[in-house]
Amino acid sequence: MGNSFGQLFSITTWGESHGPAVGVVIDGCPPGLPITADEIQVELDRRRPGQSDIVTPRKEEDRVEILSGVFEGKTTGTPVALLVKNGDQRPGAYDEMKDKFRPSHADFTYQAKFGRRDHRGGGRSSARETVGRVAAGAIAKKILGASVEIRAFLTQVHDIAVPAEALVDFPTLAAVEATPVRCPHPATAAAMIERIKAVRSEGDSVGGVIECRVRGVPVGLGEPVFDRLEADLAKAMLSLPATKGFEIGSGFAGAQLRGSQHNDAFENRGGEIHTITNRSGGIQGGISNGEEIVFRVAFKPTATILQLQATVDVTGTPTELMGRGRHDPCVVPRAVPIVEAMTALVLVDHWLRQSAQCGTFEF
Amino acid sequence: MGNSFGQLFSITTWGESHGPAVGVVIDGCPPGLPITADEIQVELDRRRPGQSDIVTPRKEEDRVEILSGVFEGKTTGTPVALLVKNGDQRPGAYDEMKDKFRPSHADFTYQAKFGRRDHRGGGRSSARETVGRVAAGAIAKKILGASVEIRAFLTQVHDIAVPAEALVDFPTLAAVEATPVRCPHPATAAAMIERIKAVRSEGDSVGGVIECRVRGVPVGLGEPVFDRLEADLAKAMLSLPATKGFEIGSGFAGAQLRGSQHNDAFENRGGEIHTITNRSGGIQGGISNGEEIVFRVAFKPTATILQLQATVDVTGTPTELMGRGRHDPCVVPRAVPIVEAMTALVLVDHWLRQSAQCGTFEF
Amino acid sequence: MGNSFGQLFSITTWGESHGPAVGVVIDGCPPGLPITADEIQVELDRRRPGQSDIVTPRKEEDRVEILSGVFEGKTTGTPVALLVKNGDQRPGAYDEMKDKFRPSHADFTYQAKFGRRDHRGGGRSSARETVGRVAAGAIAKKILGASVEIRAFLTQVHDIAVPAEALVDFPTLAAVEATPVRCPHPATAAAMIERIKAVRSEGDSVGGVIECRVRGVPVGLGEPVFDRLEADLAKAMLSLPATKGFEIGSGFAGAQLRGSQHNDAFENRGGEIHTITNRSGGIQGGISNGEEIVFRVAFKPTATILQLQATVDVTGTPTELMGRGRHDPCVVPRAVPIVEAMTALVLVDHWLRQSAQCGTFEF
Amino acid sequence: MGNSFGQLFSITTWGESHGPAVGVVIDGCPPGLPITADEIQVELDRRRPGQSDIVTPRKEEDRVEILSGVFEGKTTGTPVALLVKNGDQRPGAYDEMKDKFRPSHADFTYQAKFGRRDHRGGGRSSARETVGRVAAGAIAKKILGASVEIRAFLTQVHDIAVPAEALVDFPTLAAVEATPVRCPHPATAAAMIERIKAVRSEGDSVGGVIECRVRGVPVGLGEPVFDRLEADLAKAMLSLPATKGFEIGSGFAGAQLRGSQHNDAFENRGGEIHTITNRSGGIQGGISNGEEIVFRVAFKPTATILQLQATVDVTGTPTELMGRGRHDPCVVPRAVPIVEAMTALVLVDHWLRQSAQCGTFEF
C-alpha cells in the first residue's frame, strides 16, 4: 500500500527496476485534454539516464505507451494507463546485493518489512519508479497549461551554491536546460560539473539542493488544516528517493528572523492584492496567495559509491561490499523534472478540490 | 475538505478559535485501550495558553470531554469524540480584523478561497485548532506505550541555538519541561527566554526550530513509494501553523556531504542489525530502520506583532493595522506537544498499516 | 474505522445510544450556504422517537447544536460539527444485555470483533447513530436546493403493499407525512397502521419496504467503474441498520424480462434527450441520465420483540432473554427521513466529484 | 475518478473494450504469497468469451501478464500490475454507435458526462473492464486460501428458477461448472439453456439472478457504521455492469416476516456460538458472525439485442438502430466468476482492516 498519490487527480505507480516494465495509472484526468505520447516523452527524456556524461550510463529508451484513457488524441475522462518497458537490464550485476545490504539503501528495510525483496537494482525502491511520476506529471503540466509555469533547478551541489543575489528573475527553461546540471547560473553550473566529475573519478558521490518556483497559480489552492498546499508539497518531495529536507519561502532561515522582518505586507498593485515581499513563499494559512510559490528540496549524496564499504549480510554477519553497477555520482540534475512533475500533480489535485468545494454550488 | 489525517488511525478536527468549542473525532482507535480524560488533559495542559510568562495570557482551561468511544474506562473500537469548550473569548477584540487583512496571516487567503471567513481570532486558521490534534495525539501516545518515546524540544530561537555537540543523549521529559521554552540545554534555554522577553517588550516576535527524536520504533514502518514514513512526517509537520521547513537526519546539511561521508554502515550489535551512524535519521527507503528517528521543524516568527503595519482592507484599499489581542511572542515552545502529537499519530497509523499488510496472512 | 462516508462531502459520525451525545462532522461543505439549527431540526424531528403511537415511546428532544463551520448564518467552508445530546437514558434497562446476546442484534458480533462493547441500548450499533446522518443530510438537502426533490415513502409493511398502479405520480411531502407510516396511499396506510398495532399488541414486530424517488438530478452524476451512482446508493442503504436489500429501477423483477421488454428507448422531448420508459431507474452505466431515480430498500422486522427468546450468554451458555426496553414494532416509518438523508449525501458528493473532474478545466 | 476499490487491498482497473489492453494494479497485496500467471488464468478462463455456445463468440485468449510485484514466484508486497491484451477487435463493427445512443447502454450518459467517449464496443463501460477485477480477484482468492470457499451460481434465468428447497447444501465447484449456465441444479440448468437458446434465436436477451455463498469467513469482518460488510458487498455488486439489485439473507422476502419468525436464535454448537437459522445471511450489525454469507444479485437482460430499436443520435434527432456485434444473449453465466472475484476482494480488504484495528496492539 502507499503507491497512490492525490485525492482527485490520483496516480498509482507500479513496477520494479529490473522487472518487465514500470508504469502508472491516472484516475481523475479531466476529459478533452489533447495529449500525445510524444508530449509525455519530452519529460521522460529529461529524466532519462544516459543524457550526459555526468549521469548514469544505463541505456534506456524509456518509450512511453498510452494504453487507455485517450481516444482520437484526447483524454476521455477514464483512467489513463501509461507503460514504459525496461530495456537495459543487467540483473546479474546485482547478484551480490541478494545477500548483502548496501549502506543507506533500502535493502535492509524492505527485507525487514516485507520478509523478502526483489534485490535487482533496488527493485521497487529504485529511482526508476519515478518514471511513472514523470509521465503522469507531463499530463498534469499539460492540464495546467501555459499560464502556470513550474521551474525547478539546482541551486547547490555539494558546497557549491548559486550566489543568493544571482537568481532574482524567474529562470527560463532554456537557461535551466543549458547545462547538464540544470543550474541556470552559468558560472555555478560550470563549477558544479567540475565537482561532480572530480567526485566521480574518486568513485564517490555528492548531494545538492533543488529550488522550485511556480508562477501563475491562482489564489485559493490548498485545503487546511491538514492538506495545506505546502504540506502536500512537502509530502510529495519527501516521497522522492534521496530527499532529506523541504523548506518553503523563508524556510529554516526564516526561523532566525523577527516578525517585523518576516511579515509580508499587503499592497494594491494594479487593482489586485499582492504582498510586497514573499517570505511566505506563495502560501499563507495553507492556501496559495497568488504570489510565486518557492520551495527548496535537499538531496543526500547518492548511496551507491564505487568504494569498499563495511556492511552485514541478511544473516547479520559482517561483510564488505564493493559498489558496482551503473549509477549517478549526483542524482540531483535528473531529479529536476521529477520535482516539477510532483509539483504539477499537487497543483492539479488541489485545483480540482478547490473547484469542487468552492465552485460547484452557488447560493 | 482536508480536515482529516491518517488512513487507519484517522482523525478529523473541527472548530474555530471563537466558536463554542473545538474538537476531534478519532476513527480506527484499537479497542481495549485504558484511557481517561485526565491522561489526555496532561498533553492539553502542555499546549495550553497561559502556562508561563512568555506565552499568550489567553486564559483557557481547555478541559477535555470524552463524548464517545470509551466505555468503563476503555476504548471500544468505535469513534472517540473529544470536545474542548472555548472559554476566554473576546470576539470584540477582533472587530478590526473583519475588514483588514493581517500581514502573513490567513485572513486574505481564507477570504479569497471561501468568499467569507470567521474573522474572530483567525477562526479556523487559528492555532487553537491544534487542540484536537494534541488530544488525539495523547491517545496515540498511550497506544504506543512506554516502549516508544517521542521527545520534541527547542534547539533554536531566533539566532540562539543549542551547540551541536550538546545534545548527544536522548533528552528526558523532565529536562525539556524544566523551562518554559522547552529546551533541555539550560544555558541555551536561559538565553532563549531572555531573547523572547526582549522581543516581546518591543512588540515583536521570533521564530525557532524544534527537533523531535523518537526511540523504540520497530523496523518496518512506512509505505513507499508515496507514503514513506518521512513523507508523512513532513506532511504532518508542514500542516502545522507557522511551519516553514522540515528536515530528517542529515537534512539540508547532508546535501553538502559526499556519499562516503554520509552513508550509514551496517553492523551487528548484539545480534541485531544496526547502523553505526544515523545520518538517515532512522528511516531508509521510506521505512523505519529501528534507529532513532530524528527530524527538525522550522517555525517562522509569530505573524501577530504589536506594531503598526501597512496592509489593505477587503476592498483592496491601502490601510494600516495595529496588532492587538493576546498572542505569543514565540509560538515554538507551545508547539512542542503539538509536534509530538502529530508524530504519535503518524506512527500509530503506519503501525496499523504495516500490521495489516505484513502481519495478517501467513503463506 | 468505517465511520466516514463520502469522498468530497464527507461525514464522520460518532456516538453511542446511551453515551452523553451523538454527532457528526461534515468536511467539504461548500461555503456560503445559509443554514440554521432550526432547518436541521426539521429533519431530526421527522426521525425522532415518540412522534406517534406506533413508534418507540423513548422521549428525546434531539435538539441539534451547531458547534463550528457556520458564521453569521452561513457555512464558511470549514468543518461543520453538529451535536445532539442524549436525553432519556435508562441504562439500567439494559443490564440483562450485558451478558446475553440478543438474537439478530449486533451484540454478539461487536463483542467478538472488538472484544468488548457498550451494551447499553446497543451502544454504537443502535439506530440512534443515524441522528448524525439525518443532521448532515439536512444540510445536503439544503445544498441541493428546491430543484432536486428527494421523496422516500413506505410501499410495504409486512405483506401489505401499495398497489402497483397506485403510485404513478411523484408523491408530495404532505401526502407522505399525512400518516405516521409515511405511506402516501391512504388506504394502504390505514391497513399498515392497523397491522403494526396488531403486531405490537402481540409483542412482535414487522418489516417493510421503502421506495425512494428523486427528480431534478442532472445528467452526469456517478463515477464508474466502481463508484457508480447506484453502487454508492446501494452502499448507503445497506449501511443502514436493519436493511436486507436494495434494488434500482426494474430491480429483481427486471431479471424476469427480455431485453426487448426492458430496454428504455430514447426520444427527443422538447429538445432534451429522455427515455420513454424508466426501467433503468434514472441511472445508466453508473451515471444519472436525468430521469427520475427510483430505488427500493428492504427492512427486516425489528429484532427486539417483547417475547421470550432462546439465546446464549457471553460464555456461550444457553439461556433465555425477555425483550425489554422501548422499541419500534416497525422501524420503517422512521427510516424514511434517514433514507432521504443518505440519498442527499450521495448526490451532493457525486455532484462535487462530477464538477471537479468535468467542470474545472477547459481545453 | 472512481476506478479504485478497496481501502487496504486496493485495486485500480483501467482499459477500454477496443483499446490495446485492459489491466489492474493491486496495491496492498500481502508479501510472500505464491502466485503464478496460470493460477490467475484459471479465473480469467471462466470469465472469457467464447467458452460455450450460449455466450458471445468474441474470441479472446485473455492471457494475463504479471508486470510487477511478484519475484521468484511470490508477491513482494509492492504493487502487482496485471495486463491482458485485447485481441479480437473489430472496431469497425461499432461505427454506427459513434453517433447513435444504444438504448439502456451507457452511450448517452458517458457522452453527457465527459463530453466525449470511446464508442468502440462501449469503451470503458464495456463488461470487458471486469477482466481486471477477475484477475485481481484470483489473487484475493489465493490469499483467502482453502478455508474460505466462495461459490456463486445461477438461481434464475428469465422466469426459470431453481426450486427453493433444491439448494440446501453448499454447491460444489464441479456442480456449478458442470453446465455452461453455471446452475448446480441439473434440471433447472437444462431449462435455462433451452430458454437462452430460444431467446437468442429471436435476437433477444434475458436476465437472471446469481446467488453467492461463502463459508469459512471468520467472525468479526465488517466496519460499521458505514463500511458494514453487507454495504461493501452491495456496492461491489452494484458496481458490476447490468446489476439491478442486491439482497442478503432473507432479503426482500424478509420484509414480509415478523420478528418472531425472522430472528436467528443463538445456540452453543460444539463449544462455538452459532445461530440456529441464518436469515441474517451471515452478517449481523454489519459484521460477519461466522455463519454462511448468502446474498443474491439481480441482472437485467443484456441491453444489446439483434432487433431494430428506436433511439436518438448525438444531436437528439430520432433514429433507429439495429443491434450488431457479438454479444451474450444472457450475461449472467459469465458474471459468476466476476461476482466471486468481487466477493473475494471485499473479504480480503475487510480482513486486513479488522486485523489492523483489532489485532495490532494489545493492552
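Some points to look at:
The first chain written gets the first letter, and so on, giving A, B, C and D; residue counts start at 1 in each chain.
What we mean here is this: a residue touches a chain if its C-beta (ideal position, glycine included) is under 8 Å from a C-beta of that chain, and two chains touch if they have at least 3 such contacts.
Quick caveat, the model's predicted, so the values are computed rather than measured.
Listed here as common contacts of chain A and chain B: C, D.
Between C-D and A-D, more C-beta contact pairs are found at C-D. Averaging C-alpha coordinates per chain places the centre of chain A 39 Å away from that of chain D. A separation of 46 Å divides the Cα centre of chain B from that of chain D. Centroids of chain C and chain D (each the mean of its C-alpha atoms) stand 26 Å apart.
Contacts with at least two other chains are made by residues 1-4, 8, 13, 28, 31-32, 74, 77, 113-115, 124, 353, 356-358 of chain B. Of all the residues in chain B, the ones that touch chain A in their complex are 1-5, 13, 101, 103-106, 108-110, 112-115, 124-125, 129, 156, 158-159, 199, 204-209, 219-220, 222-228, 230-239, 241, 243-252, 254-268, 271-273, 275, 279-281, 283-290, 298-305, 307, 309-312, 316-318, 353-354, 356-358. Those residues of chain B that touch chain D in the shared complex are 7-8, 28-34, 74, 77, 143, 351-353, 355-363. The residues of chain C lying in touch with chain B in their complex are 1-4, 8, 10, 12-16, 19-23, 25, 27-28, 31-32, 65, 67-69, 71, 74, 76-81, 83, 113-118, 123-124.
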